[in-house]
Structures are given as C-alpha cells and as structure tokens.
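Both complexes below contain subunit A, partnered by subunit B and then by subunit C.
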Partner chain A sequence: MGEVDVDGTEVTVSEHEPSTTTSDKPAPGADVEVRIAASPAHLSVVRAVAADLAMRADFTLDAISDLKMAVDEACSELISRSVPDGDLVCRFSVEGEQIHFAAEAATTTVVPPSRESFGWRVLTALTDSVNTWVVPGPGGGHVLRFDLVKKRADDVVGL
Partner chain B sequence: MTQSSERATNDYAHLDPVLAELAGLDADDPRRTELRDRLVTEFLPVAQHIARRFGQRGEPHDDLVQVATVGLISAIDRFDPTRGSDFLSFAVPTIMGEVRRHFRDTSWSVRVPRRLKELHLAITGATNELSQHLGRAPTPSELATHLGITKDEVYEGLEASNAYRSSSLDELLVGTDKSVSLGDALGDDDPELMGVENREALQPLLQQLPERERTIILLRFFGNLTQTQIADRIGISQMHVSRLLARTLVDLRKGLLSE
Partner chain C sequence: MITGSGNVSNAVVEQPAAASSSVPNSRQLPFRGREDSGLNVTENSSALPIDVVVDRPADGVVVATVGGEVDMLTAPALRAVVLTELDDCTVLVIDLSGVDFLGSAGLAVLVEASHEAQRRQVELRLVAAGRSVQRPLEITGLTEVLTTFPSRDDAVNAPG
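Let's turn to the complex of A and B:
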C-alpha cells in the first residue's frame, strides 16, 4: 500500500506483515541488536544506537535526526502496549544507502496502532517506509512489531 | 553595583532629555529610529560592562555583548520616564535579565571541554553554509571535508552538540524579532489536522505549545518540510530544529497518553 508524500517521495505504509520478511527471525543481516526492559527509562539507549549508526553510515544530519525520532516514536508505542515486565527487542541493519530498524514487544492486544493516529503520522513523515503488525506470540500471547526503513538522504525538492 | 550606577547616572545624565523625547514620540514617528539609534550607541558601554561581568563562564564575549545589547534595546523601548525612576535603574536589571536568560536558554547542560565547544560551533556554522549550497543537510563526511578535519572529529562534535541547549546567538536574536511572524507560516485552522483521529486531543495540546514549536511540528509532520527547510524558513539552525522537534514530540506524546 503506497502513499505519495507531499514532497513526492513514496512512503510505504502497511498494517500487514510484509510478505518479504520472515516474521519469526531477526531481520537478515542485523548488525546490532539491543534488548531492553520495555520501559521509557531505557529509550535513550536505543536512540543513541540509532543516531550513532546513522552518523557512521554518513546519513545527512536531517536523516540522522529523523531516524532517531522515528525509533523513539516506534519504541514508545511498543512500550506503551507492552505486557508488564516485558522486553523490547530492537534490531538495526545498515544496508547500503539505508538503515532498516525492526522492533518488537509482547503485547496484550491484537490490534496494531491506528493508521489515523498522530503517532503514525509522525512515523510516516520521518521514514521512507514503515510497517506495523501483530503476530502470535509464545503461550497464546501476541507480539507487536514495527519495521521501518530510513534512507541516507532525502530527495529534497525546492529548498 | 549601587556605586557604579550612581557614577553612571552622572555620566549619562545628558541623555535624559533624549529618553524623554523618545518616550513622547508616536509609535510611527520617523524620528524614533534616529533617537533610538543614538541612545543605543551612547548607552552601549553599560551593556558592554554587564557583558564583561558575565564573562569567564564559557560563553564567547561577543555573544554576551550582543545579548546585553538586545536587553539594552528592549530597555530603551520600554522605558517610561514619567514613572519617575531613572533610566539606568530600569535598564541594568533588564539587561542582566536578558543575559541570564541567554545563559539559561543557550548553555551547555554538562561540562564540555573548550575544544568540543569550538568543534560544535564550527560544525553549526559549516552545516548552515553547506545546507545553503547543497539544498539539503550535509553528511558528516561532507562536514569533515569542508572543515578540513577528520570524520571522527565530526562525530565527536555532533555528540557534543547533544549537550548544548541552543546553537547560536542568532537564534535568540531572531526569536526577539517581532517582524518574523511564525503564525504566518501556516493558517490558524490547521486543516492539515483533519484526518488525524485523535485531533480533538491533539489540537489543544498544539495550541498550548509556544508558537515556534507548534509551527515546527506542523511544518515537519503536516507540511512535510525537512528540518533543513524549516531551519531556513524560521531562521534557526538545523540542530536547533532537531532539538525542538524531539523535545516537543516527547511532550505531545505525554499529553496524548494522559488523555
């Protein structure tokens, strides 16, 4: 499902599991995996990793900052829906001109975040592609996933 | 302080009639500019003196003089001689307040070595310059090439920037310029918010934001401008836009959660 952004870039938006991703394995070629207790107190660690990877992958300053905020937003959403004492697992892969971020947490609900929410608006504005979906988890529970891609530079038109 | 004020009062007594004249002019009187300029120039040593008192705290002296001068100008504009107090006893606290505000708004939140402060300043300057040239934000390697330093040094400087609350004095000066109306950037009704399901909760939160933060949020998430484009439009640095955006998003998220 695609939407054309105001600046002309295609933002992929989906609530469904993308067919190209193997859902029960880490993203292929995951460079860095961070596991934290699903608590806002540890969010800064994930943000710092995001910013550092993007900086060293020579992303533009805009893209570094966007990725950092997008990761923050996705993780905040996951933390707010996490089961008590749950974990948040984040995986980063630097793939050429883009960084792929995948994160998941066990949740109590089967309903993924709404596409009409402000948070979703923020995520689509900050990333080149974003997906979120729910898969069955261990013990009859549910796991909410976020999957997003940020490119090295924006295709800027008319500054 | 009392002593120097008294001495200063004598030094500047000849300006009292000028102050009275300025205060008596209509807001659109063409002579205002001339009188105001003269007063700013003549009282400048007061601003410089206060800036020196705040020296040795890690802020560049020139910046402090500029901030103190902003305070002086606002004191000249607001001074009312009919209230009976003399100008300096009104101006000195006003100027000191401006300088204190500068330290609060634009200082390092943790102790950062001088070398990193200079690196931060150099990177901020180079970012502005390269953004103009490239039409987008630069990358660390472009900054390194431009500044003739290594990429590792750029990384260090960017990390140090996280400890800074604001990037440049220019931002403060732009912030006090009434001619820049941020409200003009977007209409009042925020039609962009239509289609956001929790806009009933979001709208009041946005309205509570300072105008600049609100404008930045709307331009970034509803106008789809990049941070660099917003920085250009509003006249602050990209790094400052980045900081304001991140901070405001956290506040909005908290506000929406508490609904």
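Let's turn to the complex of A and C:
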C-alpha cells in the first residue's frame, strides 16, 4: 500500500492502521516518549527533543533542521485537529542511521490530512518516509496518527 | 507567562507608549494571540517566543525585524504585523536573520505576504541568513518565489 511521491518519499495515507510497522522495535533505552497538552505553546518542547536526539545521533545540520520541521508539522496538524483539552503523545526511536517519530492525538475529524495541502507536501519533502492514518479511539472517538522516518544524512551525490 | 498546564490568561497586547528598541524611528506593534483554539497569550508582550520590531529607514521602506520562533503559536503575530505594514509602504523588508525556527505556519505567512504585496503593488524582500531560515525556504522551493537577500542592508539598499 506504499506509494512513492514525486521526490522519492514513501507516502501512505489510509483510513486504517497499516498491518506492519515500519521498523522492528528498537533496543531498550532508545525510546523517548513526550506527552504534552495539545496546544501550540508546547510545540517547542517536542522540537527541542527532536533536535537533541538528532544531534546525539550525528545527524547532519540539514537533517536536524528537517527533522525539527517535520516533527513540528506533524504535531501542528495533530494540535489543530485535537479534541478540546486533549493530549498529544509523541515517541522517538533512534535506530542507527535514522530516527523514527510517531505521534498521535484524539481528534475531532475522521479524515486524515489532505495530500494536496501545503503542510503535507512540506512533510514529504522533509522526510524519507511518512504515514498518516485514523483509527477508532477509546469511547467511540477517533485518533489521528503520524509516523515518519528521517535519516541522518540526505542521499545526495557528492555528500 | 505560560504555566505548566499550558493555560495562560487572555489579553491583547497593547502598543507601549515608548519604543523599547534601540533602532531609531522604530515601534513595536501590538499583536494578537490565537483566539479560537483555546490558546491565549498573556499581557506580557515577551511571553510569546517571537518579537517583531518595525522601522522605516527610508521613505516608503518598512523593515519588520523578526526574532525567535515562527510556528503555529507565533505565526499569527507575524501575519498581523505584515498585513498591517503592507498597507503603508512601497517596499516591505521582512528580516528573518534572528529567526531560530521557521515552520510551515511561518512559510504560509510569507506566501500570503507575497500575494498581498503583489495585490497592493508593494515590493516584498526577505532577509534570509542561516540554516534555520534558508533550509525551509529551499526545501519547499520558496526561494524561487520569494526575493531573498543575505543581509538587511542588502535588502534595504537593493534597487527597486
């Protein structure tokens, strides 16, 4: 069910949770979980965690910048669609040459973000792979999830 | 002040009686926080991690100097200043040299500013220096659409 977008990013947009995860469970200690109130005021916290982990994982400066921006984009989408007083849960996994970021929030909407939106195109430009999907939430609501992978360096000729 | 729970008191920031910046002929404009999401801003204008200082170095030329982070929280403040200034100049320089983070919310403001500037026949110039600003502009292809300069002086003194 994966499609390849114009810039080579693997993109999946579906109404259902994918049957396989994008990676094996990382070694214990590689996971960082951040839970924040779903408010724009806390975006800087999640960006700071992303930048710190990427720096420690020897990401290039461009890759650090891209990851911060991608994390910000996913979290902003989640916050803008969040139920009132909802939480946003983010998880970072450092997996050798890449960082896997996943975030979710209970949302008011059933439909995942549009592939035509500016924000989505930004996400596909920034990441090596990105997913978004909606699953039923506890108590009859909905949960929107984002899942993305960023490698420590771009695969650019000459780098 | 943003408390641990994320809830802050609501107010519109009023324009100070005297300019606090050392830049001559400058003024800090009032800006609003988002009023629809439940997020509020305090009466202390430094509570938002962004500042925008406006000055007029030459006739018809306005420079809006932005510092801090431009994201979903702070982009509306930048937008308000930019749209106000576009009504009253022939050249608008948005100096992003002091910006530590520029996300898609900020890019959307710049795109809107570009459209509004064209509509009003105002020349829009950006000062983009450093990876935090240049990388987002490059990776989204906006360097093709927006006119950028490496420094404030270059932007202000460029021929119209």
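Definition applied: the second predicted complex is superposed on the first by the 131 of 159 C-alpha atoms of A that agree within 3 Å, B and C clash if a C-alpha of one lies under 4 Å from a C-alpha of the other, contacts with A are read in each partner's own complex, and residues count from 1 in each chain.
The rule is short, and it goes like this: a residue touches a chain if its C-beta (ideal position, glycine included) is under 8 Å from a C-beta of that chain, and two chains touch if they have at least 3 such contacts.
Everything numeric in this text was worked out from a predicted model, so none of it was measured.
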item: Clash-or-fit label for the pair subunit B, subunit C on subunit A; value: clash
item: Subunit B versus subunit C as contact partner of A:116, first or second or both or neither; value: first
item: Which of subunit B and subunit C A:42 touches, first, second, both or neither; value: second
item: Contacts of A:153 with subunit B and subunit C, given as first, second, both or neither; value: first
item: Subunit B versus subunit C as contact partner of A:55, first or second or both or neither; value: first
item: Touching partner for A:65 - first (subunit B), second (subunit C), both, neither; value: both
item: Which superposed partner A:125 touches (first subunit B, second subunit C, both, neither); value: both
item: Touched partner set for A:79, first subunit B, second subunit C, both or neither; value: second
item: Footprint overlap on subunit A, where subunit B in one structure and subunit C in the other make contact; value: 61-62, 65-66, 68-69, 72-73, 76, 80, 118-119, 121-122, 125
item: Complex contact set, residues of subunit A against subunit C; value: 36-37, 39-44, 47, 61-62, 65-66, 68-69, 72-73, 76, 79-80, 84-85, 118-119, 121-122, 125-126
item: For the subunit C and subunit A complex, residues of the former touching the latter; value: 2, 5-6, 8, 34, 37-39, 49, 69, 71-73, 101, 103-105, 107-108, 111, 131-132, 135-136, 139-140
item: Subunit B - residues contacting subunit A, complex; value: 127, 131, 135-141, 155, 158, 195-199, 202, 220-229, 232, 238-239, 242, 245-246, 249-250, 252-253, 256-257
item: Interfacial residue positions of subunit A with respect to subunit B in the complex; value: 5-7, 55-56, 58-66, 68-69, 72-73, 76, 80, 114, 116-119, 121-122, 125, 152-154, 156, 159
